[in-house]
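What follows is chain A paired twice: with chain B in the first complex and chain C in the second.
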Partner chain A sequence: MAAHRCGLSLVFILILSSLACPSSCDALEKANENTGEKQSVSDTPREVNTDGSIAAEDLNERQWQSTDVEADRSDGTKDSESFTAAARDQFQEELVIRPLHSGDIYASFQFRTLWDTDFLQERQKVSHYRLFPKSLGQVLSKFSVRELHISFTQGFWRTMQWGQPFIPSPPGAELWVWFHDTVSDVDGNWKELTNVLSGIFCASLNFIDLTNTVQPSASFKPLGLGNATDHRFLRYATLPREIVCTENLTPWKKLLPCGSKAGLSVLLKSEKLFHSSFHSQAVHIRPVCQDEQCTSKAWELRQTLNVVFDLYTSGQGKKEWSLFKMFSRTLTEACPLATSSKVYVDITDNPEGELFELSPATPLLSQAVVLGDRRTYSVFDLTRAEMFGQLRSLNLLLRWKGDSGDMLRPLLHAERYVAGFGLQTGEIHTVIYNNHPYRAFPVLLMDSVPWYLQLYIHTLTVTSKSRDNKPSYIHYQPAKDRHRPHLLEMLIQLPPHSMTEVTVQFERALLKWTEYTPDPNHGFYVGSSVVSALVPSMVAMNTNFTQDQPLFSSFVPVKEESSYFVRVYTEPLLVNLPTPDFSMPYNVICLTCTVVAVGYGSFYNLLTRTFQVDEPSLPLAKRLANLIRRIRGVPLLA
Partner chain B sequence: MAAPLTLLLIVAVTIRAVLFRSSLAELISERVEVVSPLNAWKRVVEGLALLDLGVSPYSGDVFHETPLMIYLFHFTVDYAEIVFMVSPYFVDCLSCLLASLDRAKIAIGSNNLKSDLLFNFPGCLRHIISFSTCGLNNAIIALFIFCTLKGSALLSGILLALATYQSIYPLTLFAPALLFFLQRLYIPVNLRRSSFWCFTLQYAFIYVGSLVVITGLSFFLLGSWDFIPSVYGFIFSVPDLTPNIGLFWYFFAEMFEHFRLFFICVFQINVFFYTIPLSIKLKEHPVFLIFMQIAIISIFKSYPTVGDVALYMAFLPAWSHLYRFLRNIFLVSCVLLACSALFPVLWHLWIYAGSANSNFYYAITLLFNFGQILLVSDYFYAYLRREHHLTHGLYLKKKDGTEATLVLK
Partner chain C sequence: MAFSLDTNCGLLNHNIIGPIYCTSTIFPPDILITQFWFNYRHVANTLSVYRSVKRLGIPDSHIVLMLADDMACNYRNPKPATVFSHKNMEFNVYGDDVEVDYRGYEVTVENFLTPRSKRLLSDDRSNILIYLTGQTGNSHGGNGFLKFQDSEEISNMELADAFEQMWQKRRYNELLFIIDTCQGASMYERFYSPNLMALASSQVGEDSLSHQPDLAIGVHLMDKYTFYLLEFLEEVHPASQANMNDLVSVCAHRVSVSPGHHTDLFQRNPGSVLITDFFGSVRKVEITKDTINLTSSVKSGSGDMQIESLTYVDQLPVAEIIHQKPKQKDWHPPDGFILGLWTLILLVFFQTYGIKHLKHIF
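And then the complex of A and B:
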């Protein structure tokens, strides 16, 4: 009976809720289902095409179709403005799989949520959230954030073995934020923002304070709309020591519209993701254009997760991988809220199928210019039901046949190390490689060094090809003890096919005993240096803004055809500092005070006393005798 | 007299020039005993580099020289070596002059100079080739003493202001200089006499006036007051705990945070605190008072170096007549010599070999300062005792005619 009542009330609640919010999820789901069906119908005759361009056209058409459907619906249901806004919120998901030459597998997830709201009207109160996570939306409006980029990384991206990642990130946590230029107290906003984000992502971002925050003048330009150039509104901080683990992944997954229930995010199982060579998760929020003419603007939330699996060594020398092997899950459906949901597999090195065999085979191919190179991808569109076949699940399988050839050296590459011995002085060496055979290009090098390493800027040397290479721009802000770190930014011209070495000497400070970390002899981390550059491209970059670009190739805006933007992070440094003995503060206080007291005592003695001839006093017997003699009136003894 | 002195100076110049050119100079110019964050030559160069980059040298925490110093070096950076080679001579000449103050001792003046060179050999030698601006500060103080002894109140006041401007602590030398001039002009130290007040105000005016002029000048050179917290704030609040031979660094590295301010006040007051009682006790002996003040400064200042020790040790030959009254000079000189040898050894063990820890180096600084305190108080004792003997005769007798012992009561 009780169960029956429960069931009734449940039905009742369901009805109520569906009445209360007719405009949100389920409506959109329906829209998606509609487009899905239509599109699968229209796509069936074209499936035989293997040409990339037609596939792209196909995508275009679908995009057009879906917006069409939405417009129809909004016309038909004569509803308020908020509904049209809801219809224009958008969610896309994407997974790119790139077999690396080292035998590792690089998987890159990107989830993109577009929030159609007029962010430029700052005082506007936003209370409606659909796909965009409310926790982040509130943060954006409360702290007047213009752009926010945060990444958590475990492991170090090996550029020389793996090539360039789609979105680079340094080991540990990195946070950089552009505030609106109406903010008066940027430091105050920044402090609060880091604390709030620390709560949202369960990370130790609250350790970001003025001692590790810098304002780079040139290295971090806004990636979204608007050309803010006043770096007073920019804050950048890294925590190279931050450990990334499950507790950071769970809140990150919660920001997704489908959570980890459906779509690509079902693959994000933490026990597999963290059993990898490299793991990086990031959130990028920026204002973007909705369309090509930029008539309307939107917030873009891009959640990325990059992971490199070392399947070669864990698979007993067999180079063979599948989605199940990597994630211990297979794909069963697209996220119902997503307008597009795709899996790309990089098959550029395997045009004829001689290197590896991919199953199930897909007829859809796509070409994209990414990181200065034209790559070919097999595309698996999860919004189409026949992708999942009879088993209702998609398990990509890749079986290697031959050995992969050598990888092209990445054009830009950097590394860093500490030279010197002992705990007094040292030297930071940053080595930047330009592997381009004939083109020279400039790079921006940014270094943020904590205050306890005192840099000596006059010892800065930049040499390439054993000749002095004077930087054309140097921005240096020296550290203030316990207040702010050193910031060194340089524009260096890298000659073609060269190695440029930047060295600067430093001195290690002795800190107060309470300023050391709990394991002081482990050393102190110094964040990665950042090398940003416009690298000459081999092929013409795509400067047009189009909706149907794959997400991975559309993150950094491309301004010119001949070059593309790359950011390379070097290794973080681990530097030992001299330590005091932590066990004896009392002893030190006592001993030093004793020495001071000895000084005081001896001076006091000499200052207050005078020299006198020592007259030894009479022995006790004589004194007693004198006492008696005095009473008797007899002369005293001498 | 003149010939051996000239010969000695030539020999000394040669030795220094050779040392400057040798690789020893580089080795020594980074030693913590020799350079402090206040006066390291490397930091001066850094300040100049910052100035060239268009960044205020005081915006960071590396450069702590005064603005006049940086502009001096801005123009003479190429001749810095010569400046550093020449400046210690003022200290030498000072000791020579002091030794020859006493006309009766003029014959042994040059011997004293020799003994000076020998006596503080380890310290002095390191200091000489240390490439630190401490040498310049010492030269200013030496010139100040020279002018004072020559009786030029104006120059003395200006140089004292300059020394104070450089490193605050020489402020305490105002009292002995004033006492010296009063003595020289036969003005009794009497608070009710107008002549006393007249001269005191005159000298104070020269001193304060030139201090204001110098500070104002540096403000106009720099265009901001940034240097005040960066130079004097840095001296007083001791934020840099780089090891040195003083008492401050380890004490404040190990200090509990809520007691820090209290102990900083206590330690800093310590330097200035002895001025008044010493001035009262030694008002008849201003030159010895200068020595005492300089010694106390070099023991209790926040960033001492061997250069500071060398400055007051340069006086020691002048007090050679006190040798017979010193009680534990053998012990003290052994302690100081052993410390000078152990400083580099324990530093190496801690910082490079990693087989010792900070306590080893701390222990040796403790011992070194203990030795210095013992040395200074011993000289003080000997001076007072000699004064006593001057009035009461060398061989004191008790009432009963037996030999008497002298005690402090």
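And then the complex of A and C:
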């Protein structure tokens, strides 16, 4: 079916481009030239190009020209105008490789499609989709979605060993959506949206219902453009038990313009990706500024895939990583539909080359301020043909020479665990660490606990440095059995260099016997807590929005220079509820029936049974003789 | 399952552009119903039939695949994202483009018989193939039922009734039912709708055996019946002329238990029914040279674009959060408990003091 659709869409595109005028092709080239100009004037990030003269923009333009279809001048101008007004979208892809101190390696793919259109405008019905996937576009317009963030994760991100990820995500599936304020029935839209998304991504998102959906009152502010933030239009749900496997990756790859055929997405092979310590794929859709003046909106679709390969299972214990070792593929070309296709390798810890050696060497370096730190990256621009060398393949190789020192502790870190014993009560402990030496900053902790763990909020205590720490804002919505989970949000000020502990006691509920899953002895999952904070940054963050910032540094909008926004997810909890023995009804029925049958039956027989002597039956000859005798009227035999 | 008992439209839509016609639409659901790691072979069975069916031309939009447990990305799988059907890990049936429609807890009797979402839109020209594998009642109990997730079951009467409903609503043209479990023949004993053909891996009273274990993975990889079925299907190509009699006979003499088949309800002679009628799909493509008129898209009307100040929202506005007014809760009418309490108080009051004292109070 994929081949069919691919073939059909190609036919469709060819028909349309042959009908369009050359002015449409000019418009595309003009857009490209604009971005080219911007690249040369901006100074952050600085492109230290030791070669000097070769500009990537010229190659980009040349690339575009070679893939243009022959324009047919036969049709009128009316069609061409509507065509130019309809689709102006661009696609960028990038891969960031960051070697971690523990010997593992972190690869982060980001694919961004930017489209200048408005789904929510009433008069304009969007019907021409080019790079933006049609399935998502239809979902956005049908359910009046302002922002959509969905992620599927396998594994848990270890902040203490790996640092902060570019885009955090909790284990399992997480979905949070901001609806437009014209929606009247948010819950109905939410229910239908989860069903449609579960069909698109082949996941069991239809298990999201009112019992695990919450409406946070201060967390999860929109990441895109917007004025009003009425939290009535926000819904958040998480499914910690959701498995991620090839059947989720396949539809995710189908949303990409180049599919899995060209560009960076050829590296996405499921056998290698799922044999890793951490795998997370996400889709983020939000409205963003079209340009620096920010006069009009554009829709941005970001597909991100974060994966951490383990030194021992994937790396066979040797500290030597290459694209072929990680993905069992090498890069052969950039995606022809992409305006930029780059690979960044983090070499901040390796300024003189004493820690590891990177080959093929590249003169292009780039600096970016991301996660509060200024990092240096080697840039491989895949749109340049000379990247691929004689063999037409690019295989990056990182070979370690020395031992890396200790990692800097991350500034914000959180843990969560269940304390207590028995199957009746327990205690949830959430521990948040602030490792900054002298700055205190506030964090917003959001906890969503299912209704079958009945929290006792009067036992809630927040202690920092063994003293009571009163939160400046608490929002608590109690659970309603079988309707609504608990929602607890607190704004806590973390003192510098301290550990803050939040404890709350709970009681486990006994469920109705139909509500147990087929395997209740596995336990029940409680979703991760979310800690959102504005962490003080070591270097000044970049508050200007520019088109050519690398994708990994432009995900979260930055409002002030001195801090950056970070979200940390804790571990999900696995809690045992008191489980009845499901074999007991069968046992009870057997036992009771046996007792009744044997005991009562024999007693009844003893009381009511009477014995009679039975005449033995005569043999056949005698019976016949008796019959003849009866006819004759003669007395019968014995 | 390929039908629904009410007539709402499903989620699948066919994007047909241009003059392409589908003939003999075929809808095969593949269903696997057991949990736990040691039932790895059931997943391998289902996936191998799924693979054959896809290879012979049926698109994913016409297949419903239900897997009750996740074997490929299970933590016990030494090679994640793979499911092997032959030992020494020769043949990965999981592949790279599998689409599972129902997985984990979604595989229930209710979703099997009446799916509320992700259903197929079959009509009276569709041929349906249903492949079930799992565990039936065998030494664990009676026969005539199939276990779902170890906690539910579907009986052969329910299946027969479901097929009859499908027939009444004209949801299939011909149906082939294959079941690979112990005592599989007991599941099709009660069928009574026309145009049904059923194949089972074992008779009543017999057990269906598994084929080969793999020492690296540690469990049995496939069942014997499906193994030979897969071997047979590997030789079938979309234009093959093999018929049902070949299918029935290839599995008969090589396995130690005797598979059963039930062709009485089928109107055509099994010898004239092609395998590809159920397992494959051929699409006729008609090319046209006529001009197609495309409607122009609606004008964007961007004349009155609002130049509102568009800004990003502050991610953690501390001051705003602290001074957030508590939300006005909607007024709800008093609960039943409160009403009952007040009624009780009033009743006791009037009982004690009597109605005639009312005028002193009001």
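As a working rule, the second predicted complex is superposed on the first by the 486 of 638 C-alpha atoms of A that agree within 3 Å, B and C clash if a C-alpha of one lies under 4 Å from a C-alpha of the other, contacts with A are read in each partner's own complex, and residues count from 1 in each chain.
Heads up, the rule we're going with is that a contact is a pair of C-beta atoms (placed from the backbone, for glycine too) under 8 Å apart; a residue touches a chain by one contact, two chains touch by 3 or more.
Computed from a predicted model, the values in this text were never measured in an experiment.
Trainee: Give one of first, second, both or neither to describe whether A:G259 is in contact with chain B, with chain C, with both, or with none.
Mentor: The answer is neither, since A:G259 touches no partner chain.
Trainee: Name the contact category of A:P363: first (chain B only), second (chain C only), both, or neither.
Mentor: neither
Trainee: May I ask you to decide whether A:T579 touches chain B, chain C, both, or neither, giving the answer as first, second, both or neither?
Mentor: First partner only, chain B.
Trainee: Between chain B and chain C, whom does A:G599 touch in the aligned arrangement: first, second, both, or neither?
Mentor: The answer is first: A:G599 touches chain B but not chain C.
Trainee: Check whether chain B or chain C contacts more residues of chain A in the superposed model.
Mentor: Of chain B and chain C, more residues of chain A lie in contact with C.
Trainee: Mind working out whether A:D519 is in touch with chain B, chain C, both or neither, as first, second, both or neither?
Mentor: After superposing on A, A:D519 lies in contact with chain C but is clear of chain B.
Trainee: Taking the superposition as given, does A:Y456 touch the first partner, chain B, the second, chain C, both, or neither?
Mentor: After superposition on chain A, A:Y456 lies in contact with chain B alone.
Trainee: Using the superposition on A, tell me which residues of chain A are in contact with chain B and, in the other complex, with chain C.
Mentor: In chain A, nothing is touched by chain B and also by chain C.
Trainee: Along chain C, where are the residues that touch chain A in the complex?
Mentor: Spelled out, the residues of chain C in touch with chain A are 11, 15, 17-18, 20, 35, 59-61, 70, 72-73, 79-82, 94-101, 103-106, 117-118, 149-151, 292, 294, 296-302, 305, 307-308, 310-318, 321-322, 324, 327.
Trainee: For the complex, give me every residue of chain A touching chain B.
Mentor: 421-425, 451, 454-458, 474, 476-482, 486, 507, 509-514, 578-581, 584-585, 588-589, 591-592, 595-596, 598-600, 602-603, 605-607, 609-615, 638
Trainee: Flag every residue of chain A that touches chain C in the complex, lowest number first.
Mentor: The contact residues of chain A facing chain C are 1-2, 4-5, 8, 11-12, 15-16, 19, 78-79, 82-83, 85-86, 123-125, 127-128, 154, 195-196, 198-199, 202, 204, 206-207, 217-218, 221-227, 229, 243-247, 250-251, 269-271, 273-275, 289, 294-297, 442, 444, 472-473, 491, 517-519, 532-534, 556-557, 559, 565, 582.
Trainee: For chain B, which residues count as touching chain A in their complex?
Mentor: Touching chain A: residues 30, 32, 42, 45-46, 48-50, 53, 55, 59-62, 239-243, 247, 249-257, 267, 270, 274, 277-278, 281, 299-300, 350-352, 357-359, 362, 366, 369-370, 373-374, 377, 380-381, 384-385, 388, 396, 398-400, 404-409 of chain B.
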